[in-house]
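The next part holds the structures, each set out as structure tokens.
After this come two complexes, each holding chain A, first together with chain B and then together with chain C.
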Partner chain A sequence: MKHRTWSHASFLVLTAALAACAGGDQSADEILIGEYGSLTGTTATFGISTKNGIEMATEAINAAGGLLGKQVRIIVEDDQGRPEEAQTVVSKLINSDRVVALLGEVASSNSLAAAPVAQQNRIPMISPSSTNPAVTEVGDFIFRVCFIDPFQGFVMAKFAANTLQFTNVAILRDIKSDYSVGLADVFIQNFTTLGGTIASDESYSGGDTDFSAQLTALKATNPQAIFVPGYYTEVGLIARQAKALGIQAPLLGGDGWDSPDLIEIGGEALEGSYFSNHYSVDDPSPAIQKFVTDYRAKYGETPDALAGLGYDAAMVLFDAIKRAGTTEPQALRDAIAATRNFAGVTGTTTLDEHRNAVKPAVVLQIKDAKLAYVETITP
Partner chain B sequence: METFLQQLVNGISQGSAYALIALGYTMVYGVLRLINFAHSDVYMFGAFMGYYIANSTLGLALGPSIPGAILVMVGSMALCACLGILIERFAYRPGRSPSPFTLSFWFGILGAGFGQLLGGTLVSVALGALAGAVLGFVLEKVGLKPKPQSSHLKLLIIAIGVSFFLENGGQQVFGADPKFFPQIIPNRSIDVGGVSLDTQKLTVLGVALLLMILLNVVVHYTKTGKAMRAVSFNLDTAKLMGINTDRIIAFTFALGSALAGAGGILVTLMYPRIDPLMGIMPGLKAFVAAVLGGIGNITGAMIGGLIIGLAEVMAVGYGQSTYRDAIAFVILVLILLLKPTGIMGKGMVEKV
Partner chain C sequence: MKRWLLWLGVLLVLAGLEASLRGLIGPYAYQITVLVGVNIILAVSLNLINGFTGQFSIGHAGFYAVGAYTSAALVKFGGPAIRGLVGFLPAIGQDAVLLLAGLAAAAIVAGIAGLAVGIPSLRLRGDYLAIVTLGFGEIIRVVILNVDSIGGARGFSGIEQLSNFFWVYFFVLVTIVVIHNIVHSSYGRAFVSIRDDEIAAEAMGVDTTRFKVLSFVISSMFAGIAGGLFGHFTMYLHPNSFTFVASFNVIIMIVIGGLGSIEGAVVGATVFTVALELLRKLGPFRLVSFAVLLVLIMIYRPQGLLGSWTLFKGRRKAAPKAMVV
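Now for the complex of A and B:
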């Protein structure tokens, strides 16, 4: 017992010494912020878009004189889109780079792996675009600047009932995905409250390729639209098979549709369908138009929703540092939690008591093989 | 009623695809008493070959047209036949009779893998393959040879190995992310009394039927077909009668694999997503279809495929989508308990 206490103590001394050494590169005139994301791997575009957005925000703030009289420096770590790697790089950012706050990740599974590390070390973390409700439930140092999954079910129900004036909608959900099931349940709840009826509720399993049996059953109930809150691969195939079965009703969906591949797979069968997303590059608001123009000039491509959310996550953090007047973790956490009506490119962000963003979503329509902005729906 | 008829059409088109794959299982089983688990991966290979042919210069020039579709179909079937022959020659035959260059072949593939790992260029892959092939050849010369002792268990394990090899090799060569098959025939739908028939479903039905008739003609009315039936009846006697059994077996593999390739193309016409693991589920279900019809029996495979396809669609249409994958296996258990030889199968007496 005595022996163990001793080794414990010497370990503590050693760690403290190491930490002191590692902390040495924190220069007095810089604020260090850690970013982790998938810069390589199968979800590389997620991480790169987010990094570009954060980079733009950082350049803007530094050009305006920085924060608290210091320049902001972002330290970027690649987690290759793997949860275990995300955990490792976040430990490194906190313990060896001594960052004051963290930005990341896109995929909820990676955010969920890294969030406990941030929480234990009491370092504030803002996820730009993880929509799984569980992410911010990890602890009071974890925030997000995007809406959560169930909100999109509400948005599409309101859109179908109020804007499209539909009263009879069918559901086709991916029974293997929490995301899809969650959206479908919230949609049904809100759509029936608004006076609509659910024609039928069918399901498939992610990875299926044949949906003709479900679609035939749906067709018999004559729905005005079909809500398909799945991912783009299956949605594209569903659209094609629906058209082949002579179903004319448009499809409705959520941000799982947001991929350049969607239209490639679904083709003209998707014409006239709608889905909810975080923002639209066609949104006429001047803040969005300026962001889109600047982004195109800098990176030579149109920013996707993830770039916009990356930009906003960084801006929310900078705003909080300004209001806190310090980078001391507890004060910074309280300042982030107090974010109200922050105007960003993806809408006006207010953080609620669960540290989730309450903000509007946009509805997009597929028209002439492009995404057209239809309207913004507020919570 | 309309809904029921539409589900019937859905089920028959799904079933005819299963039937095409099931034919390959049943033919190989008929001649070798071997369940060729690699068959479902030949089906995947067929879909990928079709994808590359359709996206080649010639394929793109022809576009979605009848000649374009024929090019994709015939090209893919031919390449699948070649793969079938390769699998038979280098994986199954060495277990049956002495076959030189077997080690060269496998070591060549291993070498190519190392070349890819170390260099990552075409030259390094080619050099690796060459080095591996030479090593294999030398090993064979010094006496390390596959021992031809035919045992069903050994062949079955080899078949599973080949299947894993093709799936993982496919992920390496084709990439693990799904790809989308282009439309190779113009798509239109026709409404017949509330039931919608589209050109793709009709093509699948038509081509499947045509291929099944052709197969029946080959097996029953040609000399090679007669030899196939003889080999299937008794391999040793067929050999004594002067039939080149190795050639007949290779031909059977080529024919079965070409049908799997055709199945791959037809299925992706309806469901245009392809990936290297796409063969596993349809392969298992086609296998169930072959057992249901009576394994080794060609007509049985067709009937079995149709029953499985219809059962699946009806289970989803009138039950729940989660039953889709379960229904085929429930049928498998039932048929094995009630009539182990299948619908068309004859009782076999095991000779001791």
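Now for the complex of A and C:
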């Protein structure tokens, strides 16, 4: 009997806890905005950085009196970094919480899963940092405040040709990754337009560990630099093997390099190499420095690019609500689409006709095993 | 005659619900209801292997993925051709033909995959089989990650939305009826005898490997159908939805419902899916409280919520070979 009582008691407690949490959360003097991201799971750092950035933006706007005379409230849902969860929580945010707009996600796969739901319900969605071009192609209610992948190919071509004054660059691309192939193609197109020549174009498959064949072939053409738009794991190994073969030319790359593990894997071999990224905490611009200081004070850590992009995504949305003067979805969509020269922490953002952000990228150099800001390249 | 009328009635009820449900309970609850249906198909089909045949498979998500991608690919690449063939039908009929073609392909390909895994691995028992099926599930996922034409790591987007409440629950019923009939046939008794004592079963003349492979193939086919229904509902597929965690989730469903009970699998899938949604209110404590809930269920109901309770017990005893609907 005692056993039975205990089981009843524990279920009662649980049911009561559920019921207590199930209270209504609609309020007329609040603007509700939905955010979905990976707060748990393998990519939890992405979701948490973004959430911190959005939280800072929300506190700033509420301290300044809110929007349209109302306070802004963000409802955050965890999607565990899983596409089907992302879709479910977005449906919940739209239909159950009645949010007026959505912020998220970081990973393009999760944004792609959720975007059709936002589009079907005609609720504007702004992705802070999904760089895959397909995301905003889902429909006219889907936006992003980061640049798309191929833009970095343009950035590095311009940097190699104008800043470094190189005329002869080789390519080593990850043939299995859309991202890498896209960057390499755009790089070649822009670099040749700027008067450079491509010494050779070699490829590998993500997951490879031996690159000596490709590097030997590259070395024979004697390039001034090698453009490797891959991910940090392979890039680190490529750098080591290139040095071992006596290749002195620096490597160039994109934001796939952005990981603390990059320098751990590549070590000294990466010294003097360059890659493009969304922003740099060392950027001297006052807006960035203020953001970095505030963020450190609040969360006790240095904000990464995702935090900055989360902040900007929220700010672009708030700015659009202010300009629209309403939260009616169609008017809000049009206001977001009309975002021009919005000054955020990750640069000045303009949304183009494909709802993608046109904004500057920064180039970083690896120096003394640290990342040093080199310059900002504008579109 | 009577059976036809019964099915017709069921179809009419489903169609009526399809037409009114979204308005009645809202699109969010509708979506959850559909996902509950997909999970019921997965749980009931896995129960055939894990619950009735007593083989421990943790690769169900692999077959689910095979079905999802097969159906989505067939409809995406062969859709216009199939629509052309049945162009005389109204749009809703074309959609139905397209979905059924996709699901048929999903069931066949997933069944073949089940056969390919089952023949070599079902000679193994217990832990060894579990590891082989786990490995298979991961192989499927990694293969999908590397096939560019179905999206690879980017995910498969632009899938037509063809499935809905009507189709999902139609196949829930088909799955339950088919598996119920199998379990209560002489085949079912062979499965159960393997579960209860494999050596004794073999001594009694049951070809254990053949029956194990058979249960594996049937189960894989239904997992494939569940995948097809899922892909055509969500319109987007990504390998991350089919990790071994997805396989474990199905196992949790049948364990909390009661291994070896079809009703238990239905209840388990429903409780699992709905509880996770209700717990969203708890924010960061959601998964923790869910784990606590599972622990409590296992402490107080180790046999599962329903145990091996079944609706049709009496009839089964009366007519051992009855093909009850």
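One rule holds for everything that comes next: the second predicted complex is superposed on the first by the 354 of 379 C-alpha atoms of A that agree within 3 Å, B and C clash if a C-alpha of one lies under 4 Å from a C-alpha of the other, contacts with A are read in each partner's own complex, and residues count from 1 in each chain.
By our rule, a contact is a pair of C-beta atoms (placed from the backbone, for glycine too) under 8 Å apart; a residue touches a chain by one contact, two chains touch by 3 or more.
Computed from a predicted model, the values in this text were never measured in an experiment.
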Contacts of A:Glu202 with chain B and chain C, given as first, second, both or neither: first
Contacts of A:Thr88 with chain B and chain C, given as first, second, both or neither: second
Touched partner set for A:Asn132, first chain B, second chain C, both or neither: second
First, second, both or neither for A:Phe342, with chain B first and chain C second: neither
Touched partner set for A:Tyr36, first chain B, second chain C, both or neither: neither
Partner chain in contact with A:Ala217 - chain B first, chain C second, else both or neither: first
Residue contacts on chain A - larger count, chain B or chain C: C
Which of chain B and chain C A:Phe151 touches, first, second, both or neither: neither
Chain A positions touched by chain B in one structure and by chain C in the second: none
Chain C residues touching chain A - in the complex, by the definition given at the top: 26-28, 31-32, 35, 146, 148, 152-155, 157, 230, 234-238, 240-241, 277-284, 286-287, 289, 292-293, 296, 299-300
In the complex with chain C, residue positions of chain A that touch it: 3, 6-7, 10-11, 14, 17-18, 21-22, 39-40, 76-78, 80-84, 87-89, 91-92, 94-96, 108-109, 112-113, 116, 121, 132, 134, 138, 176-178
Chain B residues touching chain A - in the complex, by the definition given at the top: 2-3, 6-7, 10-11, 14, 177-178, 180, 183, 187, 189, 191, 196, 198, 200-201, 267, 270-273, 312-314, 316-318, 320-322, 324-325
Residue numbers on chain A that touch chain B, as the complex places them: 42, 175, 202-205, 208-210, 212-214, 216-217, 219-220, 233, 236-237, 240-241, 243-246, 261, 264-265, 267
